[in-house]
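Letters A, B, C, D and E mark the chains in the order given here, with residues in each chain numbered from 1 onward.
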Amino acid sequence: SNRQEKKNQISIFAASSVTNVARELAHDFERSSGIKVKLNIASSGILARQIESGALFDYYISANQNWMKYVDSLSLVNKHSIRNLASNQLVAIVPFTDQRAISENEFLMQFPSLFSGRLSIGDPKHVPAGKYAMQAIDYYEWDEELGNRILPAKNVRDALLMVELGEAEMGIVYQTDAKKSVKVNIVYTFPYHACDSIHYMGAASKSKSESLDQFLLYLQSIEAKQIWNKNGFKP
Amino acid sequence: MHALRAKLKTQKGNFTLDLEVDFINGITGIYGPSGSGKSTLMHVISGLENPDHGYITIDNEVVLDTSKQVHVKTRKRQIGYVFQEGRLFPHMTVRKNLLFGSSYTHQAKQLIEFEELVELLEIRDLLEKRPKNLSGGERQRVAIGRALLSAPKLLLMDEPFSSLDVALRRQIIPYLIKINKKLGIPMLVVSHDLPDLLSLTQELFLLRNGRVEGHGNYFDLIQSEKSLDMMRGAGLMNVIPFKVESHDVENGLTHLMNRDASHEIHVERELINDSCNAGDELNVSLRPEDIAITLQEIKDISIRNQLKGKVSKIIKKENRIYCLVDVGFLLIVSITQASQQKMKLETGSEVYCLFKSMALQVNT
Amino acid sequence: MSELLNFSEEELLAIGLSFKVAIWCAVLILPPSLMIAWWLARKNFRGKSVVEGFLNLPLVLPPVATGFILLLLLGTNGVLGKYLNDWFGLKLAFSFYAAVIASMVVSFPLAIRAIRLSIEMVDPAYEEAAKTLGANSLQTFVRVTLPLALPGIISGFVLAFARSLGEFGATIIFAGNISGESQTIPLALFNEIQIPGHESAAFRLLMVAVIFSFVAMSFSEFLVKKLHHRK
Amino acid sequence: MSELLNFSEEELLAIGLSFKVAIWCAVLILPPSLMIAWWLARKNFRGKSVVEGFLNLPLVLPPVATGFILLLLLGTNGVLGKYLNDWFGLKLAFSFYAAVIASMVVSFPLAIRAIRLSIEMVDPAYEEAAKTLGANSLQTFVRVTLPLALPGIISGFVLAFARSLGEFGATIIFAGNISGESQTIPLALFNEIQIPGHESAAFRLLMVAVIFSFVAMSFSEFLVKKLHHRK
Amino acid sequence: MHALRAKLKTQKGNFTLDLEVDFINGITGIYGPSGSGKSTLMHVISGLENPDHGYITIDNEVVLDTSKQVHVKTRKRQIGYVFQEGRLFPHMTVRKNLLFGSSYTHQAKQLIEFEELVELLEIRDLLEKRPKNLSGGERQRVAIGRALLSAPKLLLMDEPFSSLDVALRRQIIPYLIKINKKLGIPMLVVSHDLPDLLSLTQELFLLRNGRVEGHGNYFDLIQSEKSLDMMRGAGLMNVIPFKVESHDVENGLTHLMNRDASHEIHVERELINDSCNAGDELNVSLRPEDIAITLQEIKDISIRNQLKGKVSKIIKKENRIYCLVDVGFLLIVSITQASQQKMKLETGSEVYCLFKSMALQVNT
């Protein structure tokens, strides 16, 4: 029976920034197909390392294109199955106690002086959201004025948390996360051209199975796209 | 003066200590069989254990009264305690152990100088050693020293001599008596060795099964059958107070005079401390077995002390006979039934008590 | 309030799993800790501090690094894991066993240290006495040293249990974050925190961890008290 | 090989900082641990296991949760932090101090447990003897209990030091990951692990942590040996 | 038979133990001042400490030889050891302490039944107690019991009686002698109490400063000035082997006969164990101070034992005179210089040795 179970089951490695989407996808898929979904949620990097060390998976959702490239370079995923699953946008946020109405102009001209203390972003060294935020900062040439006022968080969720708690008066995070939080106000949504396009990548493992094929099909379905949408992602 | 008065009741497992005491200012010897509650009593007096009910006053100051919720802390009671198990601090040298208490006492109140103590206890070579590198007897000496140096108002000693050889005991015991006499520090000394105790003091406290079996002067105690019973097996002893009259250096004798001046008897000089001068008072002890009774004085015998007296009481215990003979003071003499019958001894008989100078033990 | 008690199935799974992992971790860690602690406490040998340094690595390393090292050693492609897989078909990583192993490795230095400390404080005089009565080294250890060092052993057990309850870094890497298999309370908590707005679920799990802690402490307190009573 | 010794400036900063944080953590943790350990070892009171459970929380909670709680308490808007900020202009979070505090909180249960264990194993007979010699509770503690419990105190110190070296979760949340201020070795290591191809940098940092561990252990071994010699 | 032969040298701090011994199968009393190395010797024999050089053979079996790297482990030496500090296991009840060793020994080799031992040591009420709830003397008794129950081939006892009252000692000592006689278990007993030791055995081993000061029969030892010096302060004693001739129940006396049948003397019955039958051999001890010397026999005195003899040696120590009197066997008598001069005692003088039956102590 053990083998039977294995057959009727797929394992999805999902980046932690899409936790909610991954869960809903899994539920929905389980309900519609009867195939059990085993979710493994961690940062994209940890998942990639686990895959590298031989972890058995069927599908990998990465929030970080570098890690997807990495697993691909080691031919740990099916090259042809790699695709953009969804995209996202950057927003600037302030704690919800901060009720200022800031005009777009004001924001773009005076951004560094709009807040005291540090700017909360993901660690630009390894968190994609942080990297995009730095690109935006460079784009608007705020970097000099900001100097060392960056508060790098270990993931984008932590960057949001710091603003939620009021530890940072300003933060740059994904729109999806910011919209879900009731403790922050979005003061500005960055245009697409301010940074590289923000993509979530998915890829299937090389081991083929009927269940996996069903899941790949499901990912294309309207139901799946609705789930992304509902959570603020652009499929 | 009351050194210590107490009325205590306390339960430990199936053992109950239940007594009322009133200790004098001098040295009190606490005697009782193993497990009779001696150490428990010491613990309660020192405040390390609390009794279920009762009170304790030391030097007329209440240190414990369960009915009034008075409970003076151990360290405030200023009691020097030589524990039965030593309890030297293992992480300190002997010197530091000895001086532990001195930081908490006024220099002026010291009973004894550090240097003097080190000489007395013969521990100079040990000062830098740690307790675990000491022999049993060495440990015991350090424990005695530590308590003496803590300037106590009351000294409790639980079997302080149990690992000491006789030579060392003979050296320390007179010293304790001196400290008591000079400074009036009351002492309670527990020992299972009655002769040892008697060389320290005549004031005895008999404990059995957690209850007082007798308390008072040794000589009064042996006249009570209950107390006599208890002490009999442990080595009865006559303890007689004398005054030094003169030294006869040539014959190696010291002439001693009993306090009431009715009798002069001889004691070998060797036994008497050199520091002992004519006029000094001292206690001499003598075992009941070492006294012979005759009906006449006897010549040509190595027994030089022959005291005339009258039998005042005859106590029969199994086949042994104890005669109390009044020779000016009371002597307890132990003889066999056969001798008693042969000499037809009875109350009122006129007799001589013979004992050898050698048999006298002097406790300065 | 009712929201606070409204555990999802996944959360309940995580709670049960956490408890199971912690118990297994504490139980399995005890025998080797006892042996090593005794060895360190009573023997002197060259390179003792090297051994000690090695044993303490899981304490000094960030758990994430420990997790990676475990993965490199025992993963399916790992130095040892390869053979386990080839020879016995044993796949340790990403399983319940991996969660227990990760907890054990991380708790190991704590347990050893507590036990060793209390063994060192047992007076060797008692061991000597046991030897004169005919007991060999093992018998002496079991009948004399061990019971006298019991407070430390309980302490080691509780430390391992508690540390396991809080273990996150090494587990998520070596055991994965798989609900029902390796998702313990800290990992479930991690998931909830990732979703803005799921604070109450996170708080719920935190409370469970807190309650576990209190129960464990009460229990060890109770054991230690019995012990003192007994001595 | 040369690549292994080729520390970047940031790495050197992290190494220096780690050492500083660990030392401060161990030193600052000692006095309160001593007090609390003594209290727990020698006093019996109602609710003792509640206090214990509370003190052990940082052990049971995932460090990230601990960091989060610290932030809620001592952050600029935190329950206490607000007043620290308003009254003294003191901003603890995201600073060197925060890194030390995070380490301290996480090490606290370990230090207390080691010290408490060894205090419990000190025979109260010695403390009684000290009392009869006139020492008050504090003097008895300092001159008798403390030196006799020294192996446990050293153990507590070393545990706090080592745990601090490995501390990651609470630090990254409460102190941030700011190079030169709060980026300790584990945080730098984490950064490197997160970047594909940076394995050698990660390995370099790992080695430093390992060396730290060995040095700390040699040192504590040396101290304990001196102690045994002395006793 | 050699129970134990050893040649040892070992250094501890500034103390050196350096000796050669050859213990007989019986009981050997080890006597020496505090710190002379008695406990160290015991430790080395038991294997708990290793000497720097030397060898030990127990029962002709080599258990240690540093030159040949032989080192038999403590537990294999089958030595019962009563430690000076007790060392009862604190986590076990008295019963479990007592039975600790029995799991490692054959039931058949037991020296003594558990029940019998419990009665002898009077510890029945303590069986379920833990050591910390015992009194000092109770602990010591349990320690003795534990060693006896471990079926040893050799018994080492370090100050086993130091916290026991006389009544208990009197009870245990004959028992040890019985065990030794019946089962031939050799025993080494350390004590600072010479009379205690002598009531156990006449074979003495004198240790001072880590070196042998004398070894052999007590009576031979006192004839050597060096040994005499050492024992003098601790209570010299005559120990005389007798045979029970008959009991005189009416007068409470037992008639004893010296082995060579040259003298018949009387001993009080009370002192003799009921289990003692006519024909039994026993040791009687008598202090030199308790013997008086006269030139003639004396009537009408409570001293019933008057043995005729010849002074064979006069030893003068300071002002004290020790006369060795040959009354068929040797008696050591202590008198004052004054008496000696008055009676003009010298080697060859014919004298009577008088002592009271009471003064005789019987060691079964």
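Here is the rule we use: a contact is a pair of C-beta atoms (placed from the backbone, for glycine too) under 8 Å apart; a residue touches a chain by one contact, two chains touch by 3 or more.
Predicted model, so just to flag it, every value in this text is computed and none were measured.
Looking at the partners of chain A and chain E together, the chains they share are C.
Farthest from chain D, judged by the mean position of CA atoms in each chain, is E.
Chain centres computed from CA atoms place A at the largest separation from chain B.
Averaged C-alpha coordinates put the centre of chain A at 90 Å from the centre of chain B.
Taking the mean of the C-alpha atoms as each chain's centre, chain A and chain D sit 35 Å apart. Chain centres here are Cα averages; for chain D and chain E they lie 60 Å apart.
Distance from the chain B centre to the chain E centre is 26 Å, each centre being the mean of its Cα atoms.
Residue positions 68, 190, 193 of chain D each touch two or more of the other chains.
Each of the following residues of chain E touches two or more other chains: 85.
Each of residues 49, 161 in chain A touches at least two other chains.
Contacting chain pairs in the structure are A-C, A-D, B-D, B-E, C-D, C-E. Residues 46-48, 73-75, 78-81, 83, 85, 87, 89-92, 100-101, 104-105, 130, 132, 146-147, 150 of chain B are the ones touching chain D in the complex. The residues of chain D lying in touch with chain B in their complex are 125-126, 128-136, 139, 143-144, 147-148, 150, 230-231. On chain C, the positions that touch chain A within their shared complex are 68, 71-72, 75-78, 81, 91, 93-94, 172-173, 176-179, 181, 190-191, 193-197. Listing the residues of chain E that touch chain B in their complex gives 12-14, 33-36, 38-40, 84-85, 125, 129, 133-138, 141, 158-159, 162-168, 170, 192-194, 233-235, 248, 251-253, 266, 268-270, 288-290, 292-296, 298, 300-304, 318-320, 333-343, 354, 356-359. Those residues of chain A lying in contact with chain D across their complex are 43, 45, 48-49, 66-67, 69-70, 117-118, 123, 125-127, 151-154, 158, 161, 165-167.
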